[in-house]
Amino acid sequence: MTRVLEVKGMKKYFGGIRAVDGVDFHVNQGEILGIIGPNGCGKSTLFNCILGQLTPTDGEVLLEGRPVTGLYPSQLNRLGVSRTFQLLQVFPTLSVRENLILAGQEHRGTKLTRLFGRGDAGLTDAANRMIAFFKLEHLADQKAGGLSYGQQKLLDAAMAFMAGPKLVLLDEPAGGVNLTMLAALKERLEAINREQGATFVVIEHNMDFVMSLCSRVVVMAEGRVLAQGTPAEVRADPAVVEAYLGH
Amino acid sequence: MTTRLDPNLAVILLAAPILWFAPAGFKAYGLYVVSLWLVMSIAAMGLNLTLGYAGLKSLAQAGFIGIGAYTTAILTKTFGVSWPLAFLASGALSFAVGVVLGFPALRVKFHYLAFVTLAFAMFVFLVARNEEWLTGGVYGFSNIPRPVIFGLDLSRALPFYRFVLVVTVVLSLAMWWLLRSPWGRAFLALRENWMRAASLGVDIRTYTLMAFAIGSAWGGFAGALYAPLVEFIDPAPFAISASFVMLLTVVVGGSGFFLGPFVGAFLSFVLPELLRVTGGWYLVVYASVVLVLLVICPTGILGLVERARDRLSQRRAAALRDAARPMLEGSEAR
Amino acid sequence: MKAFFAAVLLGTATFVVPASAEDTVKLVDVVELSGAGATAGTNWRNGIDLAVAEINAKGGIFGKKIEIVHYDTQTNPGNTRAAVQRAIDEGTYVVLGPVFSGPIGASMQIAQKAGVPQFVGGEAASLTKQGNPYLFRSSLNQADAMPKLANWFRDELKTKSVAVVWVNNDFGKGGRDSMIPELQKRGIAVAADIATESGQADFAADAIKVKNSGADAVFVYLNEEESARFLRAAKQQGIDKPLVGETTLLGAKVIELAGDAANGVKGHVGLSVDAPIAGFKSFSDAFQAKYAYKSDHNGIKGYTSVWAIKTATEKNGSFDREALMKTMHGIRISPKDVPGILIETKWNDVGDVDRESFLAEVKDGKQVITKILPMIAP
Amino acid sequence: MDQLIQLLIAGLATGAIYALAAIGFTLVWQTSQTINFAQGEFVMLPAILALAARDLLHLPFWVALIVATAAFLALFGFGFKRFLVDPMLKHGVLPLAIATMALSILMKEGAKDGYSAQAAQFPSMVPEGVVSIVGAAVSLRDIAVFVVAVAAIVALQLFVDRTRLGRTMQATAQNPTVARILGIRVERMILLTFLINAALAALASYLISPIYLAKFSNGEFIGLSAFIAAIVGGFNQVRGALAGGFVVGLVDNLAAAYVSSGYRTAVPLALLVVFILFKPEGLLGRREERTV
């Protein structure tokens, strides 16, 4: 099985605080990996180090075996790593369709061909398909800012898939979403995983969501990996029980 | 995409012939004022790209008009270079300087960026004033020739006005093309949420620098027209207060709206002339009008139009949402 | 709001239709009423208004009343050009103003092309060197004034070295550029060459620099208010060397603003409301009565320009612009015939003005004329 | 050496003036994130109003001062907040900043057309006179400005740190939402800072105008210098204005003496750029957290 992402010895110190202190894990092709852990365990910092938002103190990130440590977020994205943010991040004055075209355009041609080429970079059809897939057809020409929270969350996820990424990192996708919406989101993610073989890493608080969605789970505590394995294995791990239920 | 004509393009294509013929009855003064309006609209269009679309607050646009004006004046008068070449050189030089000035924008944002660019504008003014060997210093640069293009003598007011109009239309179309291209979308993404944009592969550095450089180039182009329009330049019109006026022009017209610069430039450069009939207090009247306009429509005059349109489409969207409610039951966050 | 739109509509009309009236003659004054030149421009405008009121009260220019219009240039060449263009479109008989050399440079070709005489307040030497027959000054050319002062430095003050403090605009730079070669020609060293900003408020550093320069005398070439501020700073820093300047250092306005810091200041004065000449006195009183403050030399420039136009026009017997231009070249007007000219004045063939001028000193808060200098070419 | 000491002392005197103008700037920025481009005109106008009240209404000078101060507080303390800042702030910082630019034109042109285009002497509340400090001449008026600027900063700082009202004000400045939840009457607090700003501007105006003369265009350079002082000192700290004012005053005077005089005005701006690029929080300011 090919490893899409591999993180080796990742460390991030803020002054004396060791937010991430030597984390190793990998993600296999077609896998949905969950990363869980209590608040302040360093999982968001880990995410930001992987994605080039922060410069790691030490460690290495490999994408399909090639080192990508320290690349800008935009460069990483063009190599096929996509992400969503914990808080909603859509472009409010662009329409839903324009949001999706934007999400795909930088992967088409070069800057120069984009400047002189078509206004939609030839992505209108792809965007419409994505809109249909996420069931947002009736809102396609609305400004994203006018959508409801749940609709924006769907759009946010749709944008992450627009460029056909090798790997998608989802930062707390379930945050602030109600149950019905959560089910819809989960169903869509599973569908993409099933149909396109997309690979995910999900950071989540919501244990139920992670346990039911992910094929493998990494548990973090105090900047280190506490345990990893299938949801069932992890759930049975005494260290995890201690960390989660001990206090 | 539908084949419906983009409304902004429609306005340009419609306005061009009207503006070609309408001022034919104007006297030299009227033609001069309308020409000035177009020239300043070009500069404002550039700033609108930098500020309105890409969200980078610049207080340096008058500096770039100055760079363009002096480049054109020096090249055409001192070195006898033809105007089209000088025009391109003015844009190119402003573009290059704009790239350099864009670098601080990678480091600082918001009002801090405005102050860095303000310092730059002051520097341009000081160079224009102090380097007499190059710019004529405080005495200025007089008898700047109006161009002769394809054998057409443009020294009289009406032909020159029409020439300015042609250049304005060409530059407007170029700007329109740029903004409807993926670049335009990337600029907007930069303004609205650069972190998210970066995560979608938008090259923040390049687009930031380009937003500055292209906006500055338009300033340089405007300067290349300003010099032969006035036929005289000195440092005064490029002082920092002029950069403030440019910013005001863009915001009052409607920052981030394609036609905003034309509306804004009308207010900043034509309205004061029209208000001359009110006598000595005309600048007080003008400032009051601008102030009231800003309080009524802080997003600019075209922002007001947009707001009305939004309200209409929201009502339509609400109806659609109601219709779709059964499908999305419960998905609305409270 | 209605009034506003009415004003805008009315304004638009001016793009097309020239305003004209039958029994008046229109004079348009295009001058700095805002921006850096506002102070000078306001004086100029007030001087013009005063002259127009007097002339109209006496029946105008052979029966035709003067209709005067003022357009602001914002001290910006682009706006100046617009305003001069407008003045010409409206059929002005003469363009009055502007005062600053930059705006003059931006507008003089327009008036020349249209064949409209232009009376300006600029003093920069370059203006009358461009061969524009329609341009007329209203005050002495800087290049003519500076040799007089340089002689005085050498002969009267026995100066070996001079610190030059000037304002970095066309007026100050022009004065400095004319003065420094004149000083050097006479073997006087320039101990310090200090540029200051237009509108500058704080002159402490400049005064300290002057004080430490070791100069025997200081040549101050600033606009009135900056002169006053500099004099106060010089006093505070205890500068005891002679402070010498031009009209803008010794004017009534400077004395009023600088208070006793102005005492002891010396210099050359072209036009002065304090000159011991009856004309100036009556002008000064009339101006003070109308505007409740003392005019500076710009007020006199504007005032005498209108009177010169009236005189030359009446001599011609018609409102012919070309005839006016021709008559003005070489004209000599005496206050005996035309009191409004205030002092015997000559315009030469390039539009430069020639007058008597004065050496003056400030004593006890009053400008005292110590010597009358003759015309350059009497 | 003598010259350097004289310049340094003169620089401090100039700096005190800049500081006095900059304090209000930082106050208004803190409470409402408003960049007031008309701050220079705020310092210009009260003196002109006082002169106008004296000359046009024929009031005794001290009555004119009171009338002018009251009018200024009403118009540019209360009115400024109520009719300009309040309706515009919710649309972001930029439109409001632009509106203050328009306001600065209005104030400047209004002062010129309504009172005079000429500079005027403004009666000093401090006697004339010069004392020598380590060989440098300092006027009593300079000293008065210095003392008032320092006193104003100290008083504000004490007010903010030691009084209940001041602490509430500070809390409001730092987080209006939380303050609102805590039951602080945020609107009143913000209004208070605008009134203090107007009062300080009036005070600055009455102290500076006797030195620099009262003129409609004075706001241009005072405004720019105050800006630079505020940023150099630290936009979000009242005492930063004092430090920034002194730094800019010193730099101004040294530049005037030692830099090619045509470029002297570029030096404080160069300082500004260096600070923005390398120490954006200023000398004494706190780093503002950026939401990532």
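Here the chain labels run A, B, C and D in written order, and each chain numbers its own residues starting at 1.
Here is the rule we go by: contacts are C-beta pairs under 8 Å (C-beta built on N, C-alpha and C of every residue); 3 or more make two chains touch, one makes a residue touch a chain.
In this text, all values refer to a predicted model and were calculated from it rather than measured experimentally.
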Joint neighbours of chain B and chain A, given as chain labels: none
Central chain (distance from its CA mean to the mean of all protein CA atoms): B
Cα-centroid distance, chain A relative to chain D, in whole angstrom: 49
Intercentroid distance (Cα basis), chain D paired with chain C, Å: 35
Rounded Å distance, chain A centre to chain C centre (Cα mean): 73
Separation of mean Cα positions, chain D and chain B [Å, integer]: 32
Multi-partner residues of chain B (each touching 2 or more other chains): 129, 195, 280, 283
Shared interface positions of chain C, touching two or more other chains: 33-34, 36, 168
Multi-partner residues of chain D (each touching 2 or more other chains): 109, 220, 262, 265, 292
In contact (per the touch rule at the top): chain pairs: A-B, B-C, B-D, C-D
List of chain D residues in touch with chain B within their complex: 35, 37, 83-84, 87-88, 91-99, 101-103, 105-106, 109-110, 113, 220, 224, 227, 231, 262-263, 265-266, 269-270, 272-273, 276-277, 280, 292
Chain C-facing residues of chain D, complex: 2-3, 6-7, 10-11, 13-14, 17, 55, 109, 112, 116-121, 130, 137, 139, 211-213, 215-218, 220-222, 252-254, 256-257, 261-262, 264-265
Interfacial residue positions of chain C with respect to chain B in the complex: 4, 7-8, 10-12, 14-16, 18, 33-36, 70-72, 74-78, 81-82, 85-86, 88-89, 101-102, 105-107, 109, 124, 126, 130, 168-170, 173-174
Chain A contact footprint on chain B (complex, rising order): 1, 178, 180-183, 185-186, 188-189, 192-193, 195-206, 256, 310, 313-314, 317, 320-321, 323-324, 327-333
Residues on chain A engaged by chain B in the complex (per definition of touch): 51, 53, 72-75, 77-78, 82-83, 85, 89-94, 98, 101-103, 105-108, 111, 114-117, 119-121, 124, 135, 138-139, 142-143, 146, 148-151, 159, 162-163, 176-181, 184
